[in-house]
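Letters A, B and C name the chains as they come in the text, with residue numbers starting at 1 for each one.
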Amino acid sequence: MNVRSKKSNELNIIQSVIQEAGNPADLRILPFGRELSVYLIYLNSLIPLEKYQDLIGHLPLDRPDREQSRLPMRHETFQADLGITEAVAKLLAGHLLIVKPGTSGIAALDVQGWLKRQPEEPQTERLIRGPREGFVESLDDNIGMIRRWIQDPNLKVEEIVLGRRTKTRVAVLYLDDVAQPRLATEVLRRLKAIHIDGVLESGYIEQLISDRRTSIFPLTQATERSDKAASAILEGRVVILVDKSPSSVIVPVTINEMYQTPEDYYFNFWIGSFLRLIRLLGNNLAVVLPGLYVALVAYHPELLPTQLALSIAGTSSRVPLPLIAEVLLLEIMVEVFREAGLRLPGAVGQTLGVVAGIVLGLSAVQAGLISPSTLAVVSITAIASFTGPNYSVDISWRLLKFIMLIAAAILGLYGIVLSGIAILVHAADLNSFGVSYLAPWAPLQWRTLKDGPFRAPFWARLYRPETWRPQDELRSGGTKKEDEH
Amino acid sequence: MVHKLWLFLALIFCLSGCWDQEEVSKRALVLAMGLDQAAEGKIKVSLQIPIVEELLIVPSGAAVSAKPFALVSAEGSSAFATVPGLNAKTQTSLFFGQIQTVFINTELARKGLTGPTDFLRRHPTVPPQAFLLLTERPAHEMLEVRLISKRIPSYSTVTFFHSNNKKDQVFPQRIWEFNRNIRSQTQDAFIPLIEYDTKEETFIIKGLGVFDGDRLAGILSGEETRMVGLLTGKTRNAYLSIPTERFGRITFRKVTAAPRTKIEHNGHQLLFRFHVNAQGFLVESTRGITRFTPEDLEWIQTKTALYLNREIKKAVQRLQALNSDILALGEKYRAHYPRKWDPANWKLLYSEAKIEVSVKFTVTRNGTML
Amino acid sequence: MNQEKTAIGPWLFWSLITIICFGFGYINTNTYNVETMGANGYWAIPLAAVCTVPGLIAVYFLMKRFPNHNVIQQGTLIMGNFFGRTAGIIYLLFLLVYFIVFTTDVDILVHSYLLDSTPFYILCAIDLIITVYLSTRGIETISRIASFVILPLVTIVFLLFSFIIPEIRIDRLMPIFDFRFNFKSVGGPSILHIFYPMGLWALITPYCHGIHQKIPRMTLLAFLVLICLFLVDSIVTIGIYGHTYISQLPYPSIETFRTVEISYIFIEQAGLFGVIVLLASTIISSGFSLYAISLGMSQVLGLWDYKRFVWILTPLIFITNIHLAHPGFIKSLSHLFAKHGWMVIWGYPILLSILAFIFKKKGKTTHGS
């Protein structure tokens, strides 16, 4: 084959790639190597190759492998002899395509070139004590963070690609000798069953693999904290990481996990247990308090202490609205302010909170629009709803609060009981990957209850939670007693 | 299809109409009630209803009305038959769930309280823990009195029963206890007698009204009430003052008693044996005597025991004379002699029973002087 | 692992039978006990437990012999299709009427104590909606709810009773060993009614496969807890009211709760909260009963599944509820069932076990429903 036909062969390949890729504006073709016979094709938006100018010279085009390349690489660093379609897929995924003379196939070299955020503490999962590290948008970085926590060869990382157009990489992590084998299999089965145009966030995955998609309760757990995800893996659960999403998905989950934070384990068990109880109390207050207030004041004032009943009667006698309307209006306004505060820039958001909470509230009381007792109840509810460590659970609780409020408005205390039972029935009916949502309360698992409302000290926590049915039940290492087992 | 069915059912829930909803500000809260005997055998019911706006401290500092409660009365052939009349006098519907006290006039009590108090046990919102009080004045007058410290009179009557320092002379009788006792064959009811001192503008507990069945049989004086209290063992902080030749008048405080009661049946007569172990803190000697020797204390103890023995016996004999078994001796008799127990016979046996009292008194402390 | 397994574990079994006995029993237990045994009414509870044992042994025996069948299916296997179905229908109709009487009684309780202005049929409807929702979820969900609720319920009940203990007068409970049974009057075997709901276990025995060895232990534990609960209830109620006054009260245990006063903290009338707690147990008991009856109906008629039957029975139950809603009538009906119910609830399993033993019948290894 003469030089001209070789060259035209390479040019044909390049032309085919350009055509297949849709001739994007950020496509670059860089002649390279001796005699400029090698062509590098890449997307400038994904690989700012100019940054790697000095390293390009070291690009081992003869035998590019991990040891020799000084560019950052993954384990699937280099693939050779790709067809046009496969090569374009790699191009779009951020790979560097190499068209070499004398080859009909295209080689693809993976270089990490796109912009990445530095790990920082998640905004919605702040702790007083604990690492300030949260997941970022890069799947590889996130896997790396987990690997730094769990340096165990049994840590399995399985990867699939989801989204017909977005081709989003999804990784499933679990400990092979701890997690139930069928759990990982089931997770992968559900992931592979997803046929969707694009996966933009882990929330898509959460909803698509959930056991009951119409439930108000979250049946998966989302976290941006790497320590929380690592802890879940150590218990025998499965963590799903999604590329371009800082939020990981942990399955299975029970209601017990919804009020636990890593902080409970970083302090001693007295403090950890106390914090958990406060959170439980806060959660319950946030759900029940407005309904209870309406039920007591409107249906069963005989249950109120006399002084309180007189005080409420006196202060609410001038309010034009019926009590339920007053409470509903205030609750809805609190939700509106909460949502508005999220969208505003930091300082303005804080100011809005102060203005809304103090100024507006007091003005409304003085104007006789609402009564002070209602304002107090709604404020306590709003603040108590922030005790939940899990944002998706907080939102679920806020919705439940409205259900109980309406039930209380219709039937008083009996309505609260009925709605409470209906909610419990719904929760009891839920399973998360085969695990009862109300575990360890229903079915009662005494061993796991040590990590329920109270956090048992480490020397008493010899076994992993039986809720996840781990293969290796014993948590070994750390104390002499554990080592003796 | 199933989801539509649930939605339909949920709508039933939502459309149920809130029949029972009535805010506390839209109700006329009844804090106290008075029952009087009216003319022609009718009953007069009076209700004390707070005016809630007047009870508040207004931020602007406007003057508050001197009378923060309203009094409404109506007469009817029965107690609850007066409610329509009472409702007609209030702008909002009456709510009995916050009743603190029920004043009953002694004249009505003497005629029998089964009928007048029946609605107190049947009405589901009337709190069974509300207190009953007897009064010789008309009950509606007691609801109207002005108190120097409290703006709502019914509050202060309740505090009598919550104060530990008054437990030697005030024995609460709640609605549920009263209803049980007037229908019981083994125990009779009692209600504290309360009066109002117009000069000092305060309530006074004068004694204890004791019942025979559902009728008021008599009133025990304060001293008799105290003795009965010692017999029941409910006294926590009684005061006792006895005259002595050697030490003047000796007064004790924090007098408590641990009574034991035995009933014996010798075939035709009952014998009640009361053994009382009492103790108290010596707090006063009007002769200012100090340095009590053990013999002195022994003498004081014996003297006090004799005094208590006499007074307790008098109190029990008074109860026998009134045919009122507020000490629940009938229950004890039934418990120990179940085969002999006959409710029809009990009151006769009770009134003819012999009484033996033995008291042992111990001076626990001398106070801060020797 | 990831499919729902239709079986219940030992703890779920215990929670279920404890809560349904408590839910059914607390309403009328003291009334029947004092009518039969006077001031010694508290002895009725251990006595009822002892008298219940033969029936439970019969159910256990049948469960071991026919592990994949419940009492309805066992009836057809032992007595043949015709007699088995007929007996099964009578058994289930009895349970259905008992259930209707019980739910009407509870609705009257709610109407009297909590919501007296709300029309009775609305209360019946709403109560039934929640009961139906629970019963259509299946045995696993119902047992999970029972497991979730049982510990707080027992704790709250014991706590509330402990507040009333100072009001007890020991003399009202004496003499302690003066047993004089009053079988001639309306009392009599009605004391056995506390443990009738345990008989519903006979309808769900196929779901207890895997825990056969633990059932005697769990049943004994349930007995212990129930005896404690009802004993405390009985002792406190008789101790504060006396046995003669109790017969005038429609719901003695509720009235006992209403006397609780915790002064000067937020709750003045703690008793109503106790009522709410008891109502929660009642709803769970109703849900399970309706589930069990519907399951039996579908099996005995060989039609559809239990969910359809729940929907079929619901309007019938609703109409009967609103027409039976007279307190005196309901109480006398309830008394009738309490007095004679043991013949059906325990009599049927005992009869089947005797017949199975005599005719050496054993179960086949086919699946239950």
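Before moving on, here are some points about what is shown:
We take it that a residue touches a chain if its C-beta (ideal position, glycine included) is under 8 Å from a C-beta of that chain, and two chains touch if they have at least 3 such contacts.
Source: prediction; values computed, not measured.
Among the other chains, A has the CA centre that is most remote from the centre of subunit B. Ranked by how close its C-alpha mean sits to the mean of all protein C-alpha atoms, the top chain is C. Note: centroid distance subunit B to subunit C, computed from Cα atoms, is 40 Å.
Inter-chain spacing, taken between the CA centroids of subunit A and subunit C, is 45 Å. If you average the CA atoms of subunit A and of subunit B, the two centres end up 63 Å from each other.
Shared interface positions of subunit A, defined as residues touching 2 or more other chains, are 299-300, 302, 304, 306, 411-412.
In subunit C, the residues touching two or more other chains are 114-115, 118, 126, 133, 264, 268-269.
Among the residues of subunit B, those in touch with two or more other chains are 13, 16-17, 20, 127. Touching subunit C in their complex are the following residues of subunit B: 6, 9, 12-13, 16-17, 19-20, 124, 127-129, 162, 174, 176, 180, 183-187, 328, 331-332, 334-336, 338. If you check the complex, the residues on subunit C that touch subunit A are 1-4, 9, 11-12, 15, 110, 114-115, 118, 126-127, 130, 133-134, 137-138, 141-149, 151, 264, 266-269, 272-273, 276, 279-280, 283-284, 287. Those residues of subunit B whose C-beta lies close enough to touch subunit A in the complex are 13-14, 16-18, 20-25, 27, 29, 31, 50, 52-53, 55-56, 95, 97-98, 100, 125, 127, 155.
Contact residues on subunit A toward subunit C in their complex (touch as defined above): 180, 182-183, 186, 299-300, 302-306, 411-414, 416-418, 420-422, 424-425, 428-429, 431, 433-434, 436, 438, 441-444, 469.
Taken together, the subunit C residues at the contact with subunit B in this complex read 39, 112-119, 122, 125-126, 129, 133, 169, 171-172, 174-175, 178, 240-242, 244-245, 248, 255, 258-259, 261, 263-264, 268-269.
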